[in-house]
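In the part that follows, the structures are each spelled out as C-alpha cells.
In the two assemblies presented below, subunit A is common to both, partnered first by subunit B and then by subunit C.
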Partner chain A sequence: MLLAFGNFTADPSVNLQFLIGGLALGAIYAVVALGFVLVYKSTDVLNLAHGEFLMLGAYFALTFLVSENLNFFLGVFVLLLVMLVFGLLVHYGIMRRMVGQGFFAIVLITLGIATIIRALLLIFYGPTERARLDLLPQGSFEIGGATVRHVDIIIFAVVAACVLLFFAFFKYTRLGLHMRAVADDIEAAAAMGIDPDKVYAMTWAAAMVMAGLGGLLFGHVTGAIDRSIEAIGLRAFPAAVVGGLTSLGGSIVGGLVVGIIEQFANGHLGTKWREPVAFSVMFIVLLVRPNGLWGRKDLERV
Partner chain B sequence: MTRRWLKILAALFAFALIAAACGNDDDDDGAAPAPVTAEEQAPAAEEEAPAPAEEEESTEMEEGAMDMMVPDNPDNGVTSSAIKVGWMGDLTGPTASSQSFNSHGIEAYFECANESGGVLGRMIEYLPEDDQFSAETAAINFTKLTEDDKVIALLGLGGSHISTQLQPDVEALNLPVIGPPQTIDVQLEGDQYFNNLAHYGDQADLATGQIAADVGGIENAVVMGISLEVPSGTEFAAYVEQSVTRAGGTYLGTQYVAPGATEVIAQMAALQEGIDNDGANYVTLHGSPAAGLVVMQGMADAGITDIPIIGIHGIAANSIWTEGPEEISDQTFGMHSFLTANNSIEASAEMERCASLAGYGGEHLNLNFAHGFLNGYVFHQAVERAAETGDLSRDSLTDALRGTFDTMGITCPIDWSASQHSQCGAAFSLDPGTSGMVPANPFSFYADTFDGEYGLEIG
Partner chain C sequence: MSVGGLGLKIEGLTVVYGGVTALDDVHINVPPGGFVSVLGANGAGKTTLVRSITSLLYLHKGRVRRGSIELGGESVVGKKSPEIVAAGVAQVPEGRKLFPNLTVRENLLCGAASRSDLGGIDESLEQNLELFPQLRPLLAQTAGLLSGGEQQMVAVGRALMSQPSLLICDELSLGLAPKIVHRLFELLTEINEARGTSILVIEQNASLALEHAASAYVLELGRVLMEGTAAELRGNPMVQELYLGGGGEAHTSYAAIERPRGGRPAGGGR
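Entry: the complex of A and B
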C-alpha cells in the first residue's frame, strides 16, 4: 500500500519531485509577489486585485495567442501593451483620485476593481474553463527520478530576468530613481520637481505589464484557465509578506520558500494542510520580523 | 476636465471592444441563439411543444389541465397568472461551468412551455438564484425564495455543503426539490428530494461496472481515487471504496485535491507510487470540470498517460474532452444519467429548439443542460397531476411527485413511488462527430451493477 497518503514518505525521488514542484510553484508566486511589491513599494497601495490582473493577462493571452492566433512575439507584445494601457487607465481613472486617502479605503477600491474584472471576464468569456496555453516548449526531462518541465525552466529564467531588470531599472534609470524618491518621501520628491502623478502612473503600468507576463506564464502551468485562477493572488500573498512588501529580492525568496513549503505540506501532511502551513510561516515571520525578512523598516521621526 | 473624462471613457470603450472581441472564441458560451424564423418556429411549436411521451396520456392531461381551475395559493407561489418555482446554485462562481447549464436547461424548457400557453393557464415564473457556491449566500437566497417569493418547489439545489446546511429547512417547509445536481447521503434524511441523477452510491457501482469491463474483471482492478476535498468528494470516495472492494477489486486509497488547486504535483507523485508499487490501473475522479482538468493536466505533466479515468458527473462536462490533454481525455469517462440532444432521443428536437428560444444555442449537447430540461418537464407533469386534486401547493406537489414520470428518453422512466432515487446512469465521453456526449454503453448495460443500497458511515 502507499506510504504517501497524507503520510511521510522517505523516497528521495518523491521528495525531489516535491522540491522541484515547489520551486516551480514558487517561481509563479514570485512573479505575483513582484507585482504586489512593485505597487506597494512605489505607491504604498496594497493591491488586492493583483490576482485578478494576472487572470486578465491569462485570458488576454488566450485571446491574442490562441483565438486570434497571432505570432507568438507579436501576441505577447500586444498583450503587454494592452496591459500597460489598462494600468494607465487604473491610475488615471481610479487610483489617482485616491492619493492621500486612507489605507483601507484604497484597499477596498482594489477589491472593487477585482470584482469588476471577475464580472467582466464572466460576461465576455462565459463560465466554461479553457485549456491551458501550450505555446512554450512542453517537454520535460528527468533528474533523479523527478520530472522537470521545460516550461518551469523558462519561467525561472523569465523571473530571474525580471528581477535583474527591475534592480537595474530602479538603480540606473531616471524614472527608477524618481520612483524610489517618491516612495521614500513624496513631498520632498515633489519639491525637487518630480511629478508623483506620472511616477504612480508608470508604476501601475509596470505592475500591469508584470501581471500580463505572469498571466502568460501561469497560463502555461495551471491545469485550466478559468475564473478561479485569481486565487493565485491570495496564495502568493504570504510570499510577498514573508519576503517583505518593499523588497524585490525578498519577493523572489519569499515566493520560492512558500512554494516549497506548500508542496512538502501537501505531499506529506495532505492537501488540507497546504495553505494553513503557508500562512503559519507568514505569521511566524511577521511576529519575528514585522516588515518581513527583507522589508524596509519605516522610521517615524518625532 | 471634460476632455480628461472623454479620454477615460474612450479608453474604457476600447477595453470593452477588446474584451468583446476576445469573448467570442470558438465555443457557444454566451453566444446569441441561432436565428430561428417565425415560419420555422410556428410548426415546431405545434408539433414539438413539451408534452408527455405517450400521446393519448398527453391529450388527456392537456384537456384535463384546461378544465382544472385550481385556486390561487400565493403562500405557495401560485397566483392567478403565474406559478413560481425556484432554482438555487452557482451561476457565476467556481462551479458555474457545470451548474449554470442546469439552470439554462430549466429556463429553456419553461420558455417553450410558456410559449405554448404555460401550465394550468398560468405562466411559469422561473426564479434562479446565484449563490456562487457560497453557503452563506445560499442561505440568504433560500430565505428570499421561500419567504418573499414563496416558490412552490426548487428545481435543483446545488452544492453538497449547501444542501447539507439547508436540509432541516427544506424538510420543515415540505418544499419539494426536484433533480438536485448532487445526491449525497444527507439528502436521504428527508422526503423532499426527488433524485433523477443516480445517487453517489449508484455512481460508484456504475464506475465499478465500467472498470470491470475495461480491465477484464473487477478482480483485476487496482483503483486509486482522486477527489476534491469537499463533503461530496469524501462521500464519493468512500462509496467507490465500498463498491470496488465488495465486488472483489482493490482500492488503494484516495488523494484529495484542494478546491481551487492549480497543480497536483504531490497527488501525482502518490499516483505514480501506486502504479509502480501496487499496480494501480484505474483512477476514479471527483470534482468540478476545472478540477478535473487540473488533475488530467497533472497526469500528462507527470507522464502518467496510460491509466484510464472514470469520474463523477462534474467530470462529464464537454470541456473535459475539448480542453483536456488528448492523451488523457481519450481514455476518460464521466458518469451521468441524462442523454443529450445528439443521441436521437424523443426530446432531441425540442431540446434544441428550446435552447435556441432561450438564447442558449449549443447547450443542448451538454449533459447538465439535459438534466435541467428534464427537471422542467418533470415539474410540468407533477404540477398538472397535483392540480387534479383541486389544490396546488407544496404538499400536493410533493404527493404528486411520488409517482411515475415520462422523460422523453432523456433518462430511464422515473418511478418515485417506492423510492426517491433513479438507478439510471452510464459512462459518457464526447463524440467528436456531433460535439455532444454519448454513453459508452446503454443505460441497461449498467442496470445490474446497482446494489440499491444507500447511506454509509464515513469514518
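Entry: the complex of A and C
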C-alpha cells in the first residue's frame, strides 16, 4: 500500500544515475547556498533575493550567450562582470543605507529587491518561457549501466574548481582576510583601518557573481528558463541551513546533501516529493542541531 | 618604527547618541611624543572619547555635535576610520576585541590593514614576536581560545602592526592579572621612549595610569572634572579618595563611594 505512490527500485545503475544527477544539482545548490551564506556571515543580512539573483544570471546568460551569441568564454566573462556590477549596485544603491537598521527591516528590503528583479525581468524579457541553455556539451556516456550526462560532470567540476578558488581567496589573500575580520567583528575591523563599506561591497559583488555562475549552470539543467526558477533560492535555503548558516564549508556539504536527497526523492517517489523531502531534511537537522551541522555560535571573548 | 609622535588636540567636544549627551565640552591635549592618561569610572564617557577620535561613533548611532579633534594639526572630524588609522592612529580597544575565529597570526596581520608597504609587514610581525615571545608558539592558534593575558598581548601587538604614531589603549588593565598589566604598561613606556610614539591610555586603574603617564585628565559623567600632571593628580585628595582609594584599588563608580558615606561633598576639583 505504501508503495502505491512511488516507483521504488533497487536497481544499482538507476540509483547510481540518481546519485550523479544529485551531485550535479547539489553542486548548483552549493554554489547558491555559498553566496547566501557569504552575505549572511559577513553582512548579517538574510538575503531573500538570492534566488532572484540566480534568475538574473540565467536571463543574462540568455542575452549574452544566446541572443548576442558571444564566444562562450567571452560571454561568460561579460555575464560575470555584469553580475559583479549589479552586486556593487545593490550595495552602494540600497544596502549601504541600511547598515545599522533592524534585522527584519533589512530582510524586507531584500524581499523588495526580489520583487523588483522579478518585475524587471517580466518587463524586459516578457512572460514567455525560453528553452534551457545548451552551450555546454550535451552528450552522455554509460558507466555501470547508468547514463551520465556530460553536462552533469562539467557542472560538478566547475563548481568544485570555483569553490576551491573561493576558499583559497579567503585563506590566502589580504582582502579575504579583511572580509573574515569584518565578519568576526565589524567595529574591531574598522578600528584596524579596514573599511567595512568596501568589504560589504565586495561581499555583495562576490555573492552576485556566484549567483551568476549558478544561473548559467542551472540554466542547463532546468526544464525551461522562466520566472519560476527563482524557486532555486528556496531550495538552496535548506542547503544553507543544513550546513549551518555561518559555515561556508557547511553550505557546500548541505548543498550536495540536499541535491542528492532531492534526486532520490524525485526518482523513487515522483517530482512532487522533491521539495517536501528537501525541507523535511532541513526541519530534522534543525530539530537535532539548531545551529545546523557545521554552524557555530561565535566564540565569545574570554 | 614610527618616526616621532603625532599630537592630538581635542577642544569643546560634545558627542551625542540620539538625544543622550555622552561627552560635553571635553578637551584633551596629547603633545607629540607625550604619554597622557584619561581616568574615569564606568559611564564617564571614556570609550566614547576613543570612538570619537577613531571615527567609530557611527556604528553606535552617535555623532559629534560640536567641537574639534585635530591630529597633527589637521581636523579629523568627519573623516572615516581607515583614513584616521592610515594617518597613524592605532588602538587597543576596550575588551580587546580580537577577531575570535581568526588565528593569532591573522589577527596581527589585520593590524597592518592600513599599510601599503607590504614588504615591511613581515618585519613588523617579527618585531612583535620579539616583544611578545609567548605569542610565537601560538601563531596558528584561534585567538578566541587564548587566555585573557595572551589576548591582550595580541591586541597590543595588533595595534603596533600599523606602526602607529599615536597609540590609544582603552582599559588595558581590565580583567587582567596585575603582573601582566604592569608588564604591558612598562612596554608602553618603552615604546613611548624608544620610538617617540604618543600614547593615550584610558583607564579605570588610576594608580597604574598615573605611575606611567606624564599628565592626566579625569572624566566624570562626560565632562573633564580635573586635569594636571600625574604628580599633581596623585597628590590631589579628591583623586586619592575617588580613584586611588585606600589600598590603591580603583572604585568602580563615583556613586559607590558617595552613597555609603552619606553624600559627603567630594571637594572642589573643578
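Quick note on the criterion: the second predicted complex is superposed on the first by the 291 of 302 C-alpha atoms of A that agree within 3 Å, B and C clash if a C-alpha of one lies under 4 Å from a C-alpha of the other, contacts with A are read in each partner's own complex, and residues count from 1 in each chain.
As a convention for this text, contacts are C-beta pairs under 8 Å (C-beta built on N, C-alpha and C of every residue); 3 or more make two chains touch, one makes a residue touch a chain.
Quick caveat: nothing in here was measured; it's all calculated off a predicted structure.
Model built by superposing both complexes on subunit A: subunit B and subunit C fit together without a clash. Contact with subunit C, but none with subunit B, is seen for A:Asp195 once the two complexes are overlaid on the shared chain.
Vertex at subunit A: the C-alpha centres of subunit B and subunit C lie 140° apart in angle, rounded to steps of 10. By the touch criterion defined above, A:Gly270 lies against subunit B but remains apart from subunit C after alignment on the C-alpha atoms of chain A.
In the superposition on chain A, contact is made by A:Tyr125 with subunit B only, not with subunit C. When the shared chain is aligned, subunit C comes close enough to touch A:Gly100, but subunit B does not. Once chain A of one complex is fitted onto chain A of the other, the partner contacts of A:Val221 are limited to subunit B, with no touch recorded for subunit C.
Of the two partner chains, neither subunit B nor subunit C is touched by A:Phe166.
Looking at the superposition, the partner that touches the larger set of subunit A residues, subunit B or subunit C, turns out to be B.
Of the two partner chains, subunit C is the only one that A:Ile186 touches; subunit B does not reach it. Superposition on the common chain A brings subunit B within a closest Cα-Cα distance of 14 Å of subunit C.
In the superposition on chain A, no residue of subunit A contacts both subunit B and subunit C. Taken in their complex, subunit A has these residues touching subunit C: 100, 174, 177-178, 180-181, 184-195, 197, 298-302.
By the touch criterion given at the top, residues 54, 56, 58-59, 61, 80-82, 84-86, 90-91, 93, 95-102, 106, 109-111, 113-114, 142, 144-148, 151, 158, 162 of subunit C touch subunit A in their complex. Interface of subunit A with subunit B (complex): residues 1-5, 9, 11, 14, 17-18, 21, 24-25, 59-60, 62-64, 66-67, 82, 85-86, 88-89, 92-93, 119-120, 122-132, 140, 147, 149, 218, 221-224, 226-229, 231-232, 263, 266-267, 270-272, 274-275.
Every residue of subunit B that touches subunit A in the complex is listed here, in rising order: 4, 7-8, 11-12, 14-15, 18-23, 25-27, 29-30, 91-92, 94, 96-97, 100, 229, 252-258, 260-267, 269-270, 273-274, 277-278, 289-291, 293-298, 301-303, 319, 322-325.
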